[in-house]
Each structure stands twice: as C-alpha cells, then as structure tokens.
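Single-structure report; data block below.
Per-chain numbering from 1; labels A, B and C assigned in written order.
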Amino acid sequence: MIVFDGVEKRFGDRTVLSDLNFSVQPGEHVTLIGPSGSGKTTILRLLMCLESIDAGTISVGGSYLSHMEKGGKLVPADERHSRQVRKRIGMVFQQFNLFPNMTVRGNLTEAPTRVLGLSRDEATARAKELLDLVGLADKLDEHPSRLSGGQQQRVAIARALAMRPSVLLLDEVTSALDPELVAGVLALLRDIGRSTDITILCVTHEMGFARDFSDRVMMFDGGRVIEQAPPAELFTEPREPRTREFLSALLSRG
Amino acid sequence: MTPLWDWGYAFSILPRLLEALLVTIQITVLGSLVALVLGLVIAVVRRARIPVVDQLVWAFVEFVRSTPLLVQVFFLYYVLPHVGIVLSAFAVGVIGLGVHYATYTSEVYRAGIDAVPVGQWEAAAALSLPRSRVWTGVILPQAVPRVLPALGNYVISMFKEVPLLLAVSVVEVVNTAKEISSETFRPTEPYTIAGLLFLLLSYPASILVRRLERRSVAV
Amino acid sequence: MENLPRIVAVLLDGVPATVIATLGGIVLTIVLSFVAGLALLSPQRWLRAVSRVYVELFRGTSEVVQLFWIFFVLPVLVGFQLVPLFAGIVVLGLNHGAYGAEIVRGAVQSVPRAQVEAATALSFSPAQRMRRVVLPQAVVEMLPPFNNLFIQLLKSSAILSFIVVSEVTERGVQVLVPNFGSDIVLIFTLMLVIYLLLALVITAVMRTLERVAAGRLGRRGASRQARAEVAVG
C-alpha cells in the first residue's frame, strides 16, 4: 500500500531522514514513535506532499507520490499528479487547523464538493453522518472558534474522513489538547480504527494508545527505523538500547 | 516629427531641475524637523492626559490627518496674512508639511512610548526621578530608537509631497518642470526627469529604512 | 457670514467630482492591489519582477509628477489626452494600488502556513487554497490598512485641482477665493469640513466591513491586530 524506498530528506545541511525503507500494508495501523526531531512527523508530511524528498521514492497504492512516470522514466511529480495521489490520503494535525472562515459545515463540505465534485446535498449528508460519528451532531452550523480544543479536533478528524481516504495520517493529534480531553479523542480514533479498513499512520506520545491501537510500532532515531515490532513485543521486550532508554524516559515522565 | 526623447534638451534643462531639487530637499529637511519635534511634543502632551487639552489635541490631530495637505497649505497661505503674519511661500510649505506630518509622527511616537514596558515607568518612579528626567533619561531613549524606521518612512513620504507646494508657487522640482514645459512646449523630458529624480532619492532611502526596520526587529 | 449660502453652494458643486474621483480611485486601487499583491507572491519570477517594478515606481515617485506625466506627457506619446477626471482616477488608482499591493501581500503572508497545509491535505488546488482558505482570512487583516489608504486617496484627490477638475479644492481656490476674499477663513474651514465628513463616511463603511469580516471568522469585534493592541494596553 505505502512503500518508502531509499527516501532521504534534508533541511539545509541537516539530514532528517536517510535511506529510509519501509512499507505499510492496506488496513494496517502503524504507530511511529521516537524522540522529537527523529523525523516521524516529516514522514507524514512527505506523504501529504507538504515537503519534497531529496532522494528515493514513495508510492501509495501502486502509484508514485513524489514522482511520475513520463516516457518510461521517473521524473519529479507536478502539482496535479501529486494531488491525484494525495486524494486518497487524509491528515489530522496537532493544531487542528480548522478553517476559521468557514463554519463546521463549510469545513466538512468544502473539499468534498470542490475537490471530489459531490453535490451540496451529498456532502452535507456525509458531513452530518460524520458529525454523528464524532459525537458533535448538534454543531453543524457552529463556528470553529466556539468549539473546545477537543471538539475542534473531532471536527478535524471528521473533515479528513469526509474525503473518504484510504490512508489516514495522524500527527500528534492529542498533543495540543488539555489532558481531560485526550481520552475522548483517542476513544474516537480507536472506534474509527475498528470500524473502518483505513490504513492509519500515527505519530503519538500516548504509549497506551499506541499499544492497543497499532498492529506495528516503528521506533525512529536519527532519521532511521531502528526497531519495529508488534506493540506487545516492542513495549515489553525492546531489543535496542535506544528504544529502552526512550520508553523508560517516557514512563518516568508519567 | 520630433523625437520622443531629446538627450540634448534633457541635459540642457537638468541644471535647473537639480537646483529645484535642492529646494525640495531643503523643504523636506526643515519640514521633517518641524514634524519630528512637534510630533514628539504632541505625543508627550497627550500622554499627560490633561482634561480638555487632551480632547482638543486629539481633535486637532484627527482633523489635520483626515483633510488634504493641499487645502491646509492654501489655508496657511491665504489666511495667515489676514491675521497679520506674512510668510514666504517657502515658509508656508515648511510649516504646512511639518504640522501635517507631525500628526502622523505623534502617532508613531505614541506607539513607541506605549511599547516601553510599564515596569520602566515604575522603576523610574521608585528612584524618585523628576518627571522630565523620566522622559529624557528613561522613556524616550527606549521609545525613539524603535520607531526610527517608521519616522524615516514619513520623511520619505514628505519628500514626495513637496510638489504640492507648486500650488503656492514654491519653485520645487515639479513646478520647475511645469515652467520648463510651458516655455518649450516639450513636457516629456522635464516631467520624466522630475519623476526620475524622486525615484533616485526615495528608492535608495526606502531600502535604507527597510534595512533599519529589519535590524530593529532583530533586536 | 451673509455669503455663507453661496459659498456652501459652490463647494457642494465640487462634491460630486471629489466623490467620483475618490470612488473611482478606490475601485481601481482595490483591483490593482490584489492583482499586483498576488503577483508579488507568484512563483513566476517574471510576474514578481513586473509587479515589483510597478510598486516601486509608483511608491518611489511623487503623485503630482505621476498626475502631470499622465496628463501632459502621455498625450505626446500616444496622441490623445485623457479627460481630466478620468486621468485623475487613473493616477489615484495607480498610485494607491502600489501601496495596496504591499498590504495584500503582507496580509496573505500573515495567514498561518498551517492553514495552507490543511488545505493542501484536503487536495485543494493552489487556486482553491488561495480563494477558499487564504484570501477570506487575509481580507480581515487588510481592512484596517485599506481604511487608511482610502483616506489618503480621498486627501490626494485634491491634487486633481491641478488639472482643473471641478472638485472641492478647485471650486474653493479658483472660484471662491477670488470672489469672496473677506470670507477666506470660512471658505477654507468649510472645505476642510467637507473632506473630514467624507473621511468619516469612509471610516464608517470600513468599520462595518471589519465587523462583518471578523464575525465570519468567529471573532467578536475588531481584527486580530486591534485585539492584540487591547491585550498589550
């Protein structure tokens, strides 16, 4: 489904990812963990084409994301090509990033109508369904600024789902929330994970969530995957010393 | 048909235009002095919040800011002699520009003064410094440097507004260009050169101010 | 004082030309501000260059020179002369459009990058991102500086008296001053009051727009900038 092949990413003279190879199966839930600055978020941003890659290729569902085939050769993708591939991918951000110039309805229907070509009615029906799912059925015409952080993040999740993505990227979606709102959002994500077959890539510091949500956990350090395993295995008996260090530091922090 | 641009003619009128440019610069410098000093006075007076005086100064500032400089210059030019003050057109220009821009600079100073942390006033008060010393020793040395770029921008704007004074026959650049073109019936060269002279001075000046801006942001 | 009605009548005679010049200038300013401002942000190098030249040329020279150039020089070059009022509108628009371009550029750049990224993540095209997400938010930031710019434009319209457009200043100086010399203070006071009233109308309209726009972003009351000032003060 998702294949990273020899991916390299530099910011100036700092190499964030080097020779990164991994793949994710359809429907798989993969959690990326690691110290900050280890490149986890960069991976999600590369998949969303918010950053360009410096070497290697990324493909999603068999088509290249960062490149396109032209006359039998791989050339860097243009905006239109990457938009085509990207349509299958949804993303939820740490800071929600709802559009303040639209109501909840606008946030949920704008892209489905403009990008997918749904009719207003279809898009609104889908929006209502999704709001129901995230438990905010009564907020359709509310303004984002009137919602709590937790509610805004639920709307952001609904907004990503409204595009019917086959891949969902979750970028530290609970990090900006007040502690008492975290559990509700995580419960919603577990629910979505169970009830859909969406492939999910998730960057999080919530180890409890990572443990029972993911099929596989990938530990990042210094721009590389240093260890990957099912959560039961990686959390209980990590092989790499860096993983152990990282996990115990997280635990002692509480 | 005569050529669109005659270099010989252009060079022949250049000295006159440069002379007029000197007048423009003189007015800008003197007008800026008036604006920088008067604006500071207005800002400090307004900060004192004296009842009635404050409202009067506010009304004056808003009125001057909201009405055309050109009409204000005419006003000074025609009205002052009525009350027995006879000034040259040059002086009218300096005062007109100076007062008009003082209303802008007073706002700039105000913003600068407001940006000085309250703690600085309190610290100065705790030292029992006299009022005048608080201003000159503590507040203004902190407030003025950070508004220098904004003040610089207003000096450049003023420079470009000096041509309004042709209305009261000040012999500045555009007025000279106008005279030349009515003498020779060739407007292209004098007006184009006049425009270039402004660009030549104000563009580098505004780049300088932008650099100053970036530096003061970095501080 | 017995001349008051006649003085008022002559000045009011000039109001339509002042209003038309100002409104025309404002419309042209808005169009040029957006075209040139967005061009300044274009990925196309040549487009940025063209826009930059326009902006610096009109901000770098005097408005009076621009007026005389378009009114006296342009006819020599192209063979026909613009109607004075129209020439005035063109100059007011070109000049203030150059300043407005920087307002638009600054406001667009002030919209958080995360908003663009969120729109990208929803597969909006670059044009849709600009039109649906960035501009609606940027416009709120533009309104206060545009208010100042429009008042500057209104004040600038007085220079149209130089090319004999029958607007308020021209009426006052060319018609009233020679005929009612003894009422000079009254004449100029009334002229200034007319401009002040027109400026107040512009501000009232812009404040209303600010409130509407802020409401659409779910902000009560004034813009982000004004709120920040309150927070500091």
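We take it that a contact is a pair of C-beta atoms (placed from the backbone, for glycine too) under 8 Å apart; a residue touches a chain by one contact, two chains touch by 3 or more.
None of the values given here were measured: they were computed from a predicted structure.
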item: Chain occupying the most central position, where position means C-alpha average; value: C
item: Centroid-based (C-alpha) most distant chain relative to subunit B; value: A
item: Centroid distance [mean C-alpha coordinates] between subunit C and subunit B, Å; value: 20
item: Euclidean distance of C-alpha centroids - subunit A vs subunit C, Å; value: 45
item: Separation of mean Cα positions, subunit B and subunit A [Å, integer]; value: 55
item: Residues of subunit C that touch subunit B when the two form their complex; value: 56-57, 59-66, 68-69, 72-73, 76-77, 151, 154-159, 161-162, 169, 172-173, 177, 184-185, 188, 191-192, 195-196, 199-200, 232-233
item: Subunit C-touching residues of subunit B, taken from the complex the two chains share; value: 4, 63, 65-72, 74-75, 78-79, 82, 114-115, 160-164, 166-167, 173-174, 177-178, 181, 187-188, 191-192, 194-196, 198-199, 202-203, 206
item: Subunit C contact footprint on subunit A (complex, rising order); value: 48-50, 79, 83, 86-87, 89-91, 93, 95, 97-101, 110-111, 114-115, 143-146, 159-160, 163
item: Contacting residues of subunit C [partner subunit A, same complex]; value: 114-115, 117-126, 128, 132-133, 136-137, 216-219
